[in-house]
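Should a chain be cited, it is by its letter among A, B, C, D and E, assigned in written order, with residues numbered from 1 in that chain.
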Amino acid sequence: MLAYILRRFLGIALTLLLLSIFTFVLSRTVPGGPWLQGVEIPQSPQQVAAFKAKYGLDKPLWQQYLVWLRNALTLDLGVPFSMPEITVSRLIGRLLPYSALVGGLAATLAIALGVALGIASAARANTWLDNVITLYAVFIGTIPSFVMGFVLAYFLAAKLGWFPTGGWGGPRHLVLPVIAYGLPVSGGVARWTRQCMLEAMGSDYVRTAYAKGVRELGVMTRHVLRNALIPMITNFLPLFPGMMTGSIFIESVFGLPGLGKYFVMSSTNRDYPMVLGITMFWALLIACTYLVTDILYGIIDPRVRIAEKAA
Amino acid sequence: MARKKVARRRFLQLTGMAAAGAVIGGCAQAATPQVVKETVEVVVTKEVEKVVTKEVEKVVEVTPAPPTGPTNALGVTLPADALPLEKQYVLEPIGEVGGGYGHIMESLYNRAFEHFGGTEPLTSLDINLQVYPVACESWQVSEDGLYWDFKLRKELVFSDGKPITAHDWVFTLRRAMSSGYDFGWFYFDIKNAVKVYNGELPPEELGIEAVDDYTLRIYTEKPTPYLPALGVWFAVAPKHAYEQYGENWALDPQKYISSGPFILTKFERGVGHKWELNPNYKGIRRPYIVEIREENLPKGLPAYIAGDIQRISIDANSPAGERALVNANPILRTESHPQPPTNTDYIGFNTLPGKFPPLDNPDVRLALCKAIDKETLVSEIFQGFAEPAWGILPKGFPNYIGEQLKELDPNVYDPEAARQLLAKAGYPDGKGFPVFEMWIRQPDASRMALCEAIQARWKENLGITVELRPSDFQSFTDTAFKQKNAPIYFVNYSLDYYDPATFLNIFRTGGRHPHEDPEWTAFYDEANAIMDPEKRFALLQEAEKRLVLSVAYYFVESPFGIMLWPCNLKGETVQPNKDGYQFYGGGGVGCMHAYEGMYWADPACRAGLR
Amino acid sequence: MSTAVSAAAPAVAQAQPRYAGILAGAWRRFRRNKLALFGLGYVVFISFVAVAAPYLTPYTYDKINPSIALQGPSWSHPMGTDILGRDMLTRIMYAARPMLIVGFATQLAGLAIGTTLGVLGGYLGGAVDWAVSRLVELFSALPWYLIVLYMVMVLSPSLKNLILALTITSWVNSCRVVRGLSFSIRKLDYVEAARALGIPGWRIVIYHVLPQAIPLLLWTFASGIPTAVFAEAGLSFLGMGVRPPQPSWGQMLADAGNYWMYWPHMFVFPSAMITLSVLAFQGLADGLREAMDVNVNI
Amino acid sequence: MDTNGAYILRVEDLKKYFPLRRGLLGRGIAHVKAVDGISFAVRRGEILGWVGESGCGKSTLGRTVLQLERPTSGKVFFDGQDLTQLGGEQLRRLRTKMQIIFQNPYSSLNPRMPIGRALIEPMVVHGIARGKQAQERAIELLQLVGLNPYFINRFPSEFSGGQRQRIGIARALALNPSFIVCDEPISSLDVSIQAQIINLLQRLQQQLGLTYLFISHDLRMVQHISDRIGVMYLGKLVEIGPTEEMVHHALHPYTQALWEAVPIPDPEVEEKRQVAILEGDVPTAANPPSGCRFHTRCPYVMPVCREEEPALVELAPGHFAACHLHKR
Amino acid sequence: MPLLQVEDLRVHFRTKDGLVRAVNGVSYELEEGDILGIVGESGCGKSVSALALLRLIPEPPGEIAGGHAYFEGQDLLALKRKELYGIRGRKIAMIFQDPMTSLNPVMPIGEQVAEAIWVNSSVSRREARRRAIEVLAQVGVPAPAERYKDYPHQFSGGMRQRVMIAMAISCQPRLLIADEPTTALDVTIQAQIVELVKRLQRELGMAVIWITHDLGLVARVARRICVMYAGRIVEIGPIKEVFSRPQHPYTLGLLASVPRGRTGRRQPLRHIEGAPPDMISLPPGCAFQPRCQFCAEECLQEEPSLVALGDGHLAACHRLGRLPVEALAPKVAS
């Protein structure tokens, strides 16, 4: 197991390395640069040179990369060009909670709602309830989150005044973004849950369970759900980092603080350390989530666990 | 996206300028009697701070006669209809890096804020856009016009109690010009500024000097009649803050040293900032409001209607429909305030010899200009949110002569004449004319539509094909202005200060444009240096005419917007000025921009808005 | 030989002649799926509309006519007009173009890259497979929305760059599908049989491995298109989508988003088109997979 | 055993180990010893039956013999040529002579290839026939296996399991091989179909003079069709000999137990019969028992069995067994 | 009264291709303590007819289209779902073909056995656990207490099937339905399982329905045999009777196609031509008619019904008694 995790970490490290090279090269090959920042009159070559020297941009590309890499290995992602008072790592640390809260809560909502609906629709497969839920799942999934955001903001905020139209202040400010973000995703979750449940329900061991006299509730909880959980978890866990990175639209609609906005900003500003730092951070988070998912998979599925042990 | 640029534009738009040529005064002018009275009080008791407070308290006790509201930490008593102090705050969207400055003279990138709450500028503009002294009491220009003496206010102190002296000003400007401050060109009129900025001379050579502790002398390269107007961009920074805390002192509430009426009390990057009144402030900008909050805010009219944001601007680029929505709502209509145009869009041609023939042929360029029916296009596309531009100065700007320029040949739509001109140049019906790209800097929907309409006119009227190349700010600047590789470009310029020079300066040879005209530059420089305002303006008019006639540029339109703020925002500075324009909090940077002269009254007038 | 055979072969079995052929069978199965039929119909219809838009409408998508701005649906403008007085129906029709171009181009490119890599990895195994798996791993760990955003931003927003950026991420799915399938097909008896028959590797890949991937690939293809539609809508919302005045549904939606209650027609129609497209392509995808899956045993 | 021509195939100490992934870099440390040192030979024109329980490595043996899996070590002489030494291309050309019939008729046919094309493809690839000629030959082949050539353009999904197996056989015959590995060709067929296929295989063998390595777990069928039978247990060949001998005078306790366990379709016999049941489970091939691999289940286990691995010895003419009981 | 009396059982599946009449009028009786073997080819309805007794047919697409199954006087097919729980596991238990997929892969085997106990009786979980260990020991799982927490995949196929059997007999049912329980196992293990079931049957005195396609196995296990073809019973009767005097051509063919003992090597086997029919479009008349060498005109017209031949031996063939039985009689192994 330990060896497995170590091997996976090597894989993640390699992934991150490749990604950093890709992002690094991409950011340096596009026209423009940070020193052209909103300046109507081009700066003098001396100014640009001074700037480049200050941020080490005068060195050959590979040297810059190696410097970045060396620092990154000590978790030093550099200082954003545009925010000299803070490091990229600290900025991520400061803004992550907001993205994580919105994305995480939305994912939680999506999963909770979706799983509940999915189970209900699988348990009553091919009934009107199933049809209604399937219809909901299909349609809700076709609505982009920002559209949902507009609709909710109008009704519940602008019109009824129950919630603020946006901004950051407290739990009340979270309600709309989380719903707007989570609801469309719940459709997909419900469909996948239903599929997993049905798959488990059609399996031989469920037939065995019925044959030995277990009642429906028991079959559903002890046999169907326990097995369906495995593919569900492996699919739903990556939703968390996925939704955290995608919260940029919701941040934009509701004017929330978060990493997404800063990523967009940094890209426009050619703020290399920020772009690279945020990208690498999310990639690390996503890769780790996959790893955790796989480990968890091994924990909840005894077949995998033992196979690992035996091997 | 256009974040950087948009932010800056907004930042500058807030300096909203009114119509009709205001004369730049050579002497101080009091903004309102009330402010003067305050000033006097402070002057009298400047030695001991504690006395000030007591005196102020006394004033409150002694004169209860008119019904008054609460008194804030600066001792300013709010009008009777004001809401309690805890409601007297200004809510601003958090700076998206670009907007504003931690300290006005901070170096490249250190921008986090968007107002002059924490710094004292040399001069400012009142709501009538007249220059008045802020950190100085008065100024005096030398006989030859080559240097200016600014008499500084002796009572001013930093928030830590240290007096603000001319040495601080000298330090601030030297630092700004030698540390890569990205708006350094604001100060290029100062003697040796360009060379210091480019690192060719040491900062000490900058033409700025402390004659004594309270007299600041600024030398200029040549006579610069608009220097006081430029003074809105001169701010003072505490030398000891740099020495004590290093570069980033202005981004830390623990270290922040304010020279203005507000002081930073919270700074969480990306999350929120807060400014509160600086009780040690002794200057003349004395706001009613007690707090500036910068937060992540929602956007759009619904948020405005719901009261979650305090102001919103609507222009031709706003999401579709906002204007109609405002028109449909009587309360919103009362809350909307048109702003004067402050910028101009123009098309530039790369006339560098041999670079993009035949664009170096004035006849060809004239043909291109005459093929555009500007008036129709602008009114159709901008729907009242822009004035057609006949020269670089936007309508209403001092020395605006649009009516005269309109008659000039390049501004007259005449497709037939255009065709003939083109034929004369060797391209009958556009045959053989190269396919050029028109680079467009950060087009929004309406500008893009405009460019496409122009593209269509050229095709229809001249038979030539031009391809549109929308581009981001960086790539555009790099290609069009630095490499000078764009044959045709569509770009915008916004005012920096309140004088025609702000616009005309950019057309000087050696500036950003791929067009060289030393003759015009010489003429303009001479005209610009004339100290007699009337004579100078007359010659500048001539310069603008020549600029239009050079056909290196074709001026298209000056867009403007409408600012909405709640009807319960009251005070002197939100009143209409002499031209009928109203500015939020006095108009923005350079114009009393510490939100002075405004306060929140009872919101009853907004009832039923939802 | 054959004489002996015919004597010994009364056992000629009656192959049930119920299916006329593989395609007919597929079509028969496909036809039964209502959603898939709808999807197919929609895709055909919308493609026709996109191509023939100039001939279907008397208006142009960019002609401004402020005097009739913001009108609700009427006979002359069935979907109303937008803020600049442009016919919404016309814009909706033209907007099908970027949707289809982005969707098809990204998926096709992704398919080409993904299939090649997937087959190479899955069939050849070994070091090639290791490299492909690392690549897939790399791209699945990408915060892909950010990458797309970043690429579109730095390369300047245009249809071409949008496609480029989306392609970078769109190949991963098909690669994973093909790799997994090749991997399992490689172990199937008929591939073993082909090897036993001395059929060269490239032939095995082309004739025996790849055809099996077709249903899944078609499915990935069709179900990837909604992703592209969403991505385009999202980028348009952030102002990085298709350039105005060229219309796209996402952009129209983003424009009208905050004002949907005042001019529902500006919001409802693009929104409905996105919903319909996503539904149609998903339905088509599911239908295709079901229909093409001749062999339930693999 | 080595005579020119008498033996079409000779296998010497063949081993096939599958590595188990383990360790930091996934290097295999443990192995599943699917085939662990097996030697035997197949006479030209005979049917060599090969039995063993699932997981004993009999299918792996078949594939390794044909070099579909490259052996870990050992030699495989086919017509005097050592297949293990041949490169890919040489081997590919030699494939015309040796073929395989698979167990599962559903997975052994490409579902997206009409059966005619599946038959023609190998001929074209090997340049045996092309165009019309190939078509004709395909028709012949279909007739040969008892299928109506009318269906030549149909897809496998349109055929029943038995018919598919016939197609699989036709495909194996397409290249005119002399040696065919029948890898459990009937075990996934219905009872009434099994006999059809067995009969077909038998007829073809006689008609075309083929040699079969007939792998199956169905002892009755193996007994029915084979000239000789080999019995495998956990990767080892435990006994091999002529069918009569193997059935009536099995020497190895495992072979005996196998015959004992097979039910006889006659209730009268079964009623009287007292079945001696072999206890326990088959151990895993990844970790086989020491000594004789059968000792964990053997009713006659002796101390030596745990220590020492018995060698395969000829105990009667052509009858070999690996058991300490029969040490001479 | 017999323990189980099945009358005209019909089970249909509604598939996209059409209606599958999987079980098409099946009737038989089973006495207490008897062992009935049901044989037939795949798809003949033998498993479905058994699953239908416990109402384990997935509905939809399946449905019990008619018939009765009286078990201890109750019609199983008419029971309410709640009442079924009193039967399943407690009175009638079932074991399935593939013990790997039939056991819950994420539940320890001990718990699965214990579950069968506590859902069917009001014992505590602890008591259920104790009894589960007992039952596991009874079916020959070595060290059941230690292996209680092990998961199915840690067991060999034979052991898994023992666990399945343990679950089935844990409540001492009156009837055990074994649905091809040894098909997935090796011969030596199969022998073990067969002996185990036979032993338990003796010990517990339960009746067994043993479904298989292996004629040898049925000869070893069953006392009566029921041959099914295309959803119908074609022949049923005491095992020795049917084996020695098969009356239906299909039974004849099946018996003939099995190589018998030590004879007939190199002789072609007698086999039945063709393949089982497509259950969606059954041939007219007798379902076996397309493959029957004795097919006559009447066989094409009408479905034959079961005819009693005495001694509980029944067969469904139009040409009963008119077949050249001797010519086909299996050569009995020496």
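Just a few scattered comments:
Everything below uses one rule, namely that a contact is a pair of C-beta atoms (placed from the backbone, for glycine too) under 8 Å apart; a residue touches a chain by one contact, two chains touch by 3 or more.
All values reported here derive from a predicted model rather than from experimental measurement.
The central chain here, found by comparing per-chain C-alpha centres with the mean of all protein C-alpha atoms, is A. Comparing the CA-atom centres of all chains against that of chain E, the greatest distance is found for B.
Between chain C and chain E the centroid-to-centroid distance comes to 48 Å (mean Cα coordinates, whole Å).
Computed from the mean C-alpha positions, the centre of chain A lies at a distance of 52 Å from the centre of chain D.
Separating the centre of chain B from that of chain D, both taken as means of CA atoms, is a distance of 89 Å.
Residue positions of chain B touching 2 or more other chains: 1-2, 300, 302, 472, 475.
Counting partner chains per residue, chain E has residues 273, 275 touching two or more of them.
Residue positions 30, 153-154, 253, 264, 268, 270 of chain A each touch two or more of the other chains.
If you check the complex, the residues on chain C that touch chain D are 1-2, 4-6, 8-9, 11-13, 15-19, 21-22, 25, 188-190, 192-200, 203, 207-208, 211-212, 214, 294-295, 297-298. Against chain B, in their complex, chain C makes its touches with residues 62, 64, 66, 69-70, 82-84, 153, 156-158, 238-240, 243-245, 254-259, 262-263, 266. Those residues of chain B whose C-beta lies close enough to touch chain C in the complex are 1-2, 300-302, 319-322, 324-325, 328, 380-381, 383, 443-445, 448-449, 452, 470-472, 475. Of all the residues in chain A, the ones that touch chain B in their complex are 30-33, 35-44, 46-47, 50-51, 81-86, 91, 94-95, 98, 153-154, 157-159, 161, 164-168, 253-257, 261-262, 264-265, 268-270.
Listing the residues of chain B that touch chain A in their complex gives 1-5, 7-8, 93-94, 96-98, 108-112, 180, 182-185, 197-200, 247-248, 251-252, 268-272, 295-300, 302-303, 305-306, 308, 472-475, 477-479, 481-482, 493, 506, 511-512, 610.
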